[in-house]
Structures are given as C-alpha cells and as structure tokens.
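Alright, structures below, take your time with them.
Across the two complexes that follow, chain A remains constant while its partner is chain B and subsequently chain C.
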Partner chain A sequence: MADPLLSSLKIASSGLQAQSTRMRIVSENIANAQTTGTTPGSDPYQRKMVSFQSELDRVSGAQMVSVDKVNRDDSPFILESDPGNPAANADGYVKMPNVRMLVEMADMREANRSYEANIQVVKQAREIINMTIDLLRS
Partner chain B sequence: MIPAIGASLPRLQTGNVETGLAASGASPVGKTAGADFSVVLSKIAQDAVTTVQSAEAVSIKGINGGATTQAVVEAVMEAERTLQTAVSIRDKAVSAYMELSRMAI
Partner chain C sequence: MDSLYIFGLASQRTSYLAQRQTLVAENVANVDTPGYTSKDLSSFAEALDATELRMAQSQSMHLASLDGLSSTSDVITETPWSVKHSGNSVSLPQEMLKAGEVSREYALGTSVVKSFHRMLIMSAKG
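Coming up: the complex of A and B.
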C-alpha cells in the first residue's frame, strides 16, 4: 500500500504536467493567430485543442491525469478581405486562423487556475508530511 | 555505529521497517529482538544519499533543459523529505542512546 500523501504529491505533479501542456497549446494558438497560408486560397493555421484523460497508476492505485490528445478545431476559418496578401483567393479574401483571442485568454486563465490548485495540493500534502515528521522531534 | 539499543529492550516494534528490509534482503529486525538497529540506521542513511544523488542528477538535467521544472522541484522536494526523515530518526535514536547512557545505575 503506497503512502496516500506521497500519492497525492504524484497526482498533483501529473496535474501540473497536464496543465503545462495545455498552456503550451494555448501559446501555440496565440502565436499563430495571424498565420495565413502561403498560396492563394490555402488553409491557414488551424486552432488546436487539448483533451485530458485519467490514467491509473498501477503502483499506487491512484488516478493520475494525462493529456489524451491534441485535437484540431474544425470550426470555419475567418475570412478577411486583403487582396494584396499572397494567400488571398480570387475574390481577394484571405482565410485567417480560427483562433479567437478571447477564447484563448479564457483557456489560459483556466490553465493558470488549475495549475495553482495543484500547487496548493502539493503545499498542503507537504505540510502534512512535515507535521508528521516533526512528531519525532520535540 | 550505535550498538543495538533494541538489544536492551524486550521487543522492538519495527513492523514497517521489517517489510522494508525484507525487500532489500537485509537481516530482519524485530525477530531477533531488534539486535540490528544499526542496520536500519545505515539503510536509512543509504536511502537518503541515493535520493539526494538522484535529485542532483535531475537538477543538472533541468539546467541543461532536459527535465521539466516540475520534475526538478519534485526530485529536490523528495530529497529534502527523505533527508529530513533520516535526520529526525537519527536524532531520536541518538537521544534514546544518550538517555540510556545517562541512566542511574
């Protein structure tokens, strides 16, 4: 039987890992928010989404979290009139990425908050462990 | 090394330690009335050293960019915890030994 406190440290750590990956995907989306194609009518950068799955750790029997896969967002691209752009189609419209800043900001904030929550778990578990070890002193 | 505090006691309750030692193949404590308390202590010290060493390895990997920040922090925290536990147990054992040596005869 693994120590539940040590297990919670491990689980929180897996949460940190997962939220870091989510943060990476958000930053990719934001950085590529203006990335168009290079040939006329070609597709621009497609927004990415991350999904999580729970994962059983066989040693401790704990449910960890991990990134399941990074999907592409299939929502339609935003058309913008820009005839001078090399990616513009015959009508002078350029397909812009389906990245919406507001959505990305909300996602980023959520990743931040989840990360914070996991950090709190680590802090509390560590405090409890230290309290227990301190019983030996006195 | 500290010579077997447990030998002077009727029976040492080392159930948890015993299972840990059985895995590593060391001589079981408790069954021999705690004759080898120094073995337990040296195993704890060994564990602490190994954990600190692996924490250092992960830290260096992190500096080179090979490990994530979380992994580095986790390894260092584990090393700290192991060391703290080892030090606490040693202090307890030493104080028990001192207590015995101060005993009025």
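Coming up: the complex of A and C.
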C-alpha cells in the first residue's frame, strides 16, 4: 500500500487541479458576458458549467477528484433592445448571453474557498511528514 | 525494558493518523462532487480494542493475512453537519477541525517517541 501521507498530497493536488479548471470556466463566462452573435437573430455565447466526479486512483486506493464534464447552461438568453446591433432581430432585440455576474462571482468565491482548503491540506501533510523526519534529528 | 510498548504503540498511532489525514484530504478534494458522502476512520481506541483473528499460517503455501492498519480500523461514513442539495455531505469547517486534531495528535505522538528515545540514549550512555 502506498504511503497515506504521500497519497494525501496527491489527492489534494487533484483537488487543486479541479478547482482551477472551475476557475477557468468562470473566467470564460465573465469574459464572454457581452458576446453576442454576428448575424441577425443568432444565438450569443452560452454560459458553461463545470461538474466534478470522484475517481478511484487504483495505485493508492484513494478517491481523487476530477472534472466530469463541462456542460452548457440551457437557461433562456436575456433579450435587450438594441436595433443598431448587427445581431438584432427584426423587432430590434438582441439576444445577450445567459451569464449573470452575481452567479459567476459567487461561483468564483466558492472555487477560491475550496482551493484554499486544498492548500491547507497540502501544508498540513507536509508538516506531518516533517514531524516524522524530525524524529531522526533528535 | 519489557514494559516499553511505547514505540510499537506510537508507530501504530502515527500510521492511524496518517490514514485519517488521507481521508481528510479525500473529503476536502471532493467537497464539490455531487453525491459524495464524507468519510472518517473509527476511533483509535476502538481499533485497539478489537481483537483481530488472523488465519494461522501452518504451511508456507497458505495465504498470508494482509498487514497494515486498514484491516483493523474501518472507514466509516461520518455523521455529516449538513448535506447539500447535490447529496454531498462534506463540510469544510468539520474537515479543518479534523485536520487540526490529526496534526495535534501527531505532534504528541512524535514528541512522546522523541522523549523516550532520549531516555533510552541517556541510560545507554550512562
């Protein structure tokens, strides 16, 4: 069996990886919050959502985490009146992306918090390993 | 020196705590995984009290019993503080609390070993 402390480092780094992917998706959403289509009546940018799954690492027997898939949010687009826009339909309405800033900010905070928790686990595992090594020094 | 079980006990204790740390890491990594239930180890005292029956090895062809602590302390589903809508029952404060506990107990274990080691060295040097 693999050393549990080393595998806890591995698990925490898989968590870091997953959370940073989530962060990437959030920043894609925010960056494209105003991205409309180019032809009249066409669909704008569709918000993306990330979902996680736990996967068993067969070498250490640990439950790691990984990004399951990136889904698209099917909620309706926001209609805005802007007749001058090239993407405006016959009535002068433009479909804006279904990205809501508040939701994205909340998601970002949550990703941040989970990332910090994983960092804390890494720090602690390192501390424990150091305590063991210190036994040799006394 | 027959009465000094302390080193064996301490090494068992540290490997128990290391395993608990792994479970904390698993729970924290899966904090946003839908349907994941948080896990913990049964208490160390319980693991020590449980008498473990092993198969006797009367011949070299017999299967050896697995060693390691995983056979004595079981992974249990802990009582969650809260369950999210996605069915995930990990709570970060609880995990941080457990991590602190593990760290403190590990420090205690290693300092006990250290001081007993010093004691032995002292008696050897005279």
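By definition in this document, the second predicted complex is superposed on the first by the 138 of 138 C-alpha atoms of A that agree within 3 Å, B and C clash if a C-alpha of one lies under 4 Å from a C-alpha of the other, contacts with A are read in each partner's own complex, and residues count from 1 in each chain.
The rule we apply is simple: a residue touches a chain if its C-beta (ideal position, glycine included) is under 8 Å from a C-beta of that chain, and two chains touch if they have at least 3 such contacts.
Here the structure is a predicted model, which is why all the values come from computation and not from measurement.
Peer 1: State whether chain B and chain C clash or fit side by side on chain A once the two structures are superposed.
Peer 2: fit
Peer 1: Considering only the touch criterion stated at the top, classify A:L136 as touching first (chain B), second (chain C), both, or neither.
Peer 2: first
Peer 1: Under the stated touch criterion, which partner chain does A:L102 make contact with: chain B (first), chain C (second), both, or neither?
Peer 2: A:L102 contacts neither chain B nor chain C.
Peer 1: What is the contact status of A:V59 with respect to chain B (first) and chain C (second): first, second, both, or neither?
Peer 2: It touches nothing on chain B or chain C.
Peer 1: In this superposition, which partner touches a larger number of chain A residues, chain B or chain C?
Peer 2: Comparing chain B with chain C, the partner touching more chain A residues is C.
Peer 1: With chain A's C-alpha centre as vertex, what's the angle to chain B and chain C, nearest 10 degrees?
Peer 2: 40
Peer 1: For A:S20, decide between first (touching chain B), second (touching chain C), both and neither.
Peer 2: Touch status of A:S20: first partner only.
Peer 1: Quick one: is A:E127 in contact with chain B, with chain C, with both, or with neither? Answer first, second, both or neither.
Peer 2: It touches chain C, and chain B stays clear.
Peer 1: Least CA distance chain B-chain C after superposition, rounded to whole Å?
Peer 2: For chain B and chain C in the superposition, the minimum C-alpha gap reads 10 Å.
Peer 1: Can you give me the overlap between the chain B contact set and the chain C contact set on chain A?
Peer 2: 9, 134
Peer 1: Okay, in this complex, where on chain C does chain A touch?
Peer 2: 14-15, 17-19, 21-22, 24-26, 28-34, 36, 68, 70, 92, 95-96, 99, 102-103, 106-107, 110, 113-114, 117-118
Peer 1: Using the touch definition from the top, list the residues of chain A that touch chain C in their complex.
Peer 2: 1, 3-5, 7-9, 11-12, 14-15, 18-19, 22, 51-54, 62-65, 110, 113-114, 117-118, 120-121, 124-125, 127-128, 131-132, 134-135, 138
Peer 1: Okay, in this complex, where on chain A does chain B touch?
Peer 2: Checking each residue of chain A against chain B gives 9, 13, 16-17, 20, 126, 129-130, 133-134, 136-137.
Peer 1: Using the touch definition up top, name the residues of chain B that touch chain A in the complex.
Peer 2: Per the touch definition, chain B meets chain A at residues 68, 70, 74, 77, 81, 84-85, 88-89, 91-92.
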